[in-house]
Amino acid sequence: MNTFDPMYYTNYWNQLNKANALLQRTYPLQIFQESRSQPPLTFVLIHGSWADGSFWDGIADELRKRGSTVYTPTLAGHGKVNEKNVTHAQITKSVVDFILQRNLHQIVLVGHSFGGSVIQKVAEQIPDRIKRLVFWNAFVLRDGESLADQFPPSTQEFLLGLAQQSDNNTILLPFPFFRETFANLADLPLASKLYHEISPEPAGPLTEKLDLKRFYQLTIPKSYINLMEDTATPPGEEYGWHPHLSSRLGVYRLIQGHGDHFSTARTEPRMIADLIIKAGRD
Amino acid sequence: MNTFDPMYYTNYWNQLNKANALLQRTYPLQIFQESRSQPPLTFVLIHGSWADGSFWDGIADELRKRGSTVYTPTLAGHGKVNEKNVTHAQITKSVVDFILQRNLHQIVLVGHSFGGSVIQKVAEQIPDRIKRLVFWNAFVLRDGESLADQFPPSTQEFLLGLAQQSDNNTILLPFPFFRETFANLADLPLASKLYHEISPEPAGPLTEKLDLKRFYQLTIPKSYINLMEDTATPPGEEYGWHPHLSSRLGVYRLIQGHGDHFSTARTEPRMIADLIIKAGRD
Amino acid sequence: MNTFDPMYYTNYWNQLNKANALLQRTYPLQIFQESRSQPPLTFVLIHGSWADGSFWDGIADELRKRGSTVYTPTLAGHGKVNEKNVTHAQITKSVVDFILQRNLHQIVLVGHSFGGSVIQKVAEQIPDRIKRLVFWNAFVLRDGESLADQFPPSTQEFLLGLAQQSDNNTILLPFPFFRETFANLADLPLASKLYHEISPEPAGPLTEKLDLKRFYQLTIPKSYINLMEDTATPPGEEYGWHPHLSSRLGVYRLIQGHGDHFSTARTEPRMIADLIIKAGRD
């Protein structure tokens, strides 16, 4: 059963059997008759390319202030490690292992950018532990596609060319490209600072075609956070984050704000935390 | 003459005869030399599906505070009535009758969601009483189309399937669908509260093909209010509110804000009233 | 070499030779270790159709308060002059001459609306004096296209019909059209005031096909400012400002805000100045 297929909701409806009684058991009246506070959430935040778990520092602090439990694992092959020769499956496994080792349940699993493709695969492996998937300007791959497939041919060539020039099949974006498309809202000092913090990105996973048949049978609720000035993919109907990539989720909850791909996480962690709460809550 | 056709404006221009003198008679200098206040407006606010006149309560209060006169009729077959077996023509007639009985003139007629198709038909019948049409995340049907035609085939099937499961050919959205696509910005208590307030929607009008030839010959000024997080129709070039549906109005005034389909009316009535004033004023 | 072609960035990268040392010479560490202030900028602001240099008054004041040097030339054939019979080349020359006479260098050249096509041609002639090009809801023409080509056929007919009705091949928009599509966010007094200030626009340049081969070989950095309620071109994938026209710039810096085509410059000059600084800085 595919969330693209609204019959999923018909079935849900059948289960509810049109009974307000049952509905009220599921969402009891007292929920909204009492306090407006919602129960605390457990977030696992998955960073994107060129980043590591520290990408989330300010945002995680803000989420904790709001009562949430927050984990920010660094993906295999990312951060200040020497071993950059990783597969998409190894990256996925590093997240699954992280969750299993801590025996986490009822997770709101958030993926930023490349992290979108990671949470798609993690969800296939441990769906019962995940309460909701949140994609934040994140890739949503169709079954059989690669990350590279999400870009125009010239950009694919550009990225793979950068990998070939490296010693270890990694990609480091040229500063001018990073500055204009990842940190467009930042001033130069901040853009430079962010650039000096990023790590070369393993190029292997870029061209891996992913089997995502199981993902499109899952019925986990999904949200998409779109920052409207994020131009890390070319804006528009052909390659843009929203609604082009977001719509692949079928029925999803849309949350929007203003921001770019990399600098707003640093300059407005509180605002981003608010969006993540809105996207992640029941 | 069709507002799609800019020759309408050429003709308008011909009437003005390029005369500043005449222009200033129409929009006299004193208008902007004196106070910046604009004359009070008379609004007739038309709710959408699953709602009734009480949808507008907070917004109407805010509009009245600003000096406007406001009417919020409940459409035939809507609200807490037993008779849900209505046609689109009966719904239209209930609004026309409401306006004629009160002998209202110079109306700013606002339609939300399904209400868009209603104000299209009302405008055909009493154009001389309407000063401006305002569509707020509202359907703008092309001549010969039905409401159902505005959705992807799978959603049509979903909605009609729900109607078939009912006792009286009405549709009640499953809560998860309502929560994600109509109240995406709300917390769960508010989403639940809103859900418990809605009424089953008559399904008959959904598939009625409407004759709208006269609508597309009217020269009443038009506005479109777009809340950017409204996902009650699938976002994008194929089914989205704006610019997909809005552009059918030809030349129109665009007003935008942030909000979703159902909950922002409740949480930010003052902001919505501001948008309606901007959309409705001369 | 074309900025559409990301190989431009590969070459840039080759020049940098992957050397952090060189990168830090280009963007020295001290830039972000010291104050967050950026060096003052020199702006040349190019107005659009129906306007003159005074369009920028409030914005220029705000930019000067922030330490920038600002020039606001009036294009040939614009403002309160009698000679409206100008070509696109004469308009371009009036800007080039303005810059050469003052011997300006390291310019941030900003074009609004029609001014976009002007800064494209100015950049071809004096690329070495331009540090960055900023397009603000501005036309970005493809090689061989005219301004008229950017509009639907019916609008082209409308505009050319207005020119034919004039004594001197100029276009003055009918007030209702101006009010709805150029000043949609303004109240009537302000919309009227703005309308009384505009001048008839020379129609000749509208249909001139421009040779822009050199423009698409330039490597000057580019930004695009998009006000999201600007409907001076029909919103959407076919004619809209962003991403339809903006994407022709290849890799560019996107800055967005809320506003319309003509009135926000008057009502929120400080906000617009902020956007221009964000778009123009290194």
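Residue numbering begins at 1 within each chain, and the chains themselves are lettered A, B and C in the order written.
Criterion: contacts are C-beta pairs under 8 Å (C-beta built on N, C-alpha and C of every residue); 3 or more make two chains touch, one makes a residue touch a chain.
A quick note: this is a predicted structure, and the numbers were derived from the prediction, not measured.
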* At the subunit A/subunit B interface, shared numbers over all numbers used: above half (same) or below half (different)? -> different
* Asked: Rotation angle for the CA superposition of subunit A on subunit C, to the nearest 5°?
  -> 120
* Asked: Hey, how far is the Cα centre of subunit A from the one of subunit B, in Å?
  -> 35
* Asked: In subunit B, which residues are in touch with two or more of the other chains?
  -> 237
* Asked: Which bits of subunit B are touching subunit A when the two form their complex?
  -> 154-155, 157-158, 161-162, 165-166, 172, 174-177, 179-181, 184-185, 187-190, 192-193, 195-196, 228-229, 231, 234-237, 240, 258
* For the complex, which residues does subunit A have touching subunit B? -> 4-7, 9-10, 12-14, 16, 18, 23, 26-27, 29, 31-32, 34, 36, 38, 221, 237, 242-244, 246-247, 251-256, 278, 281-282
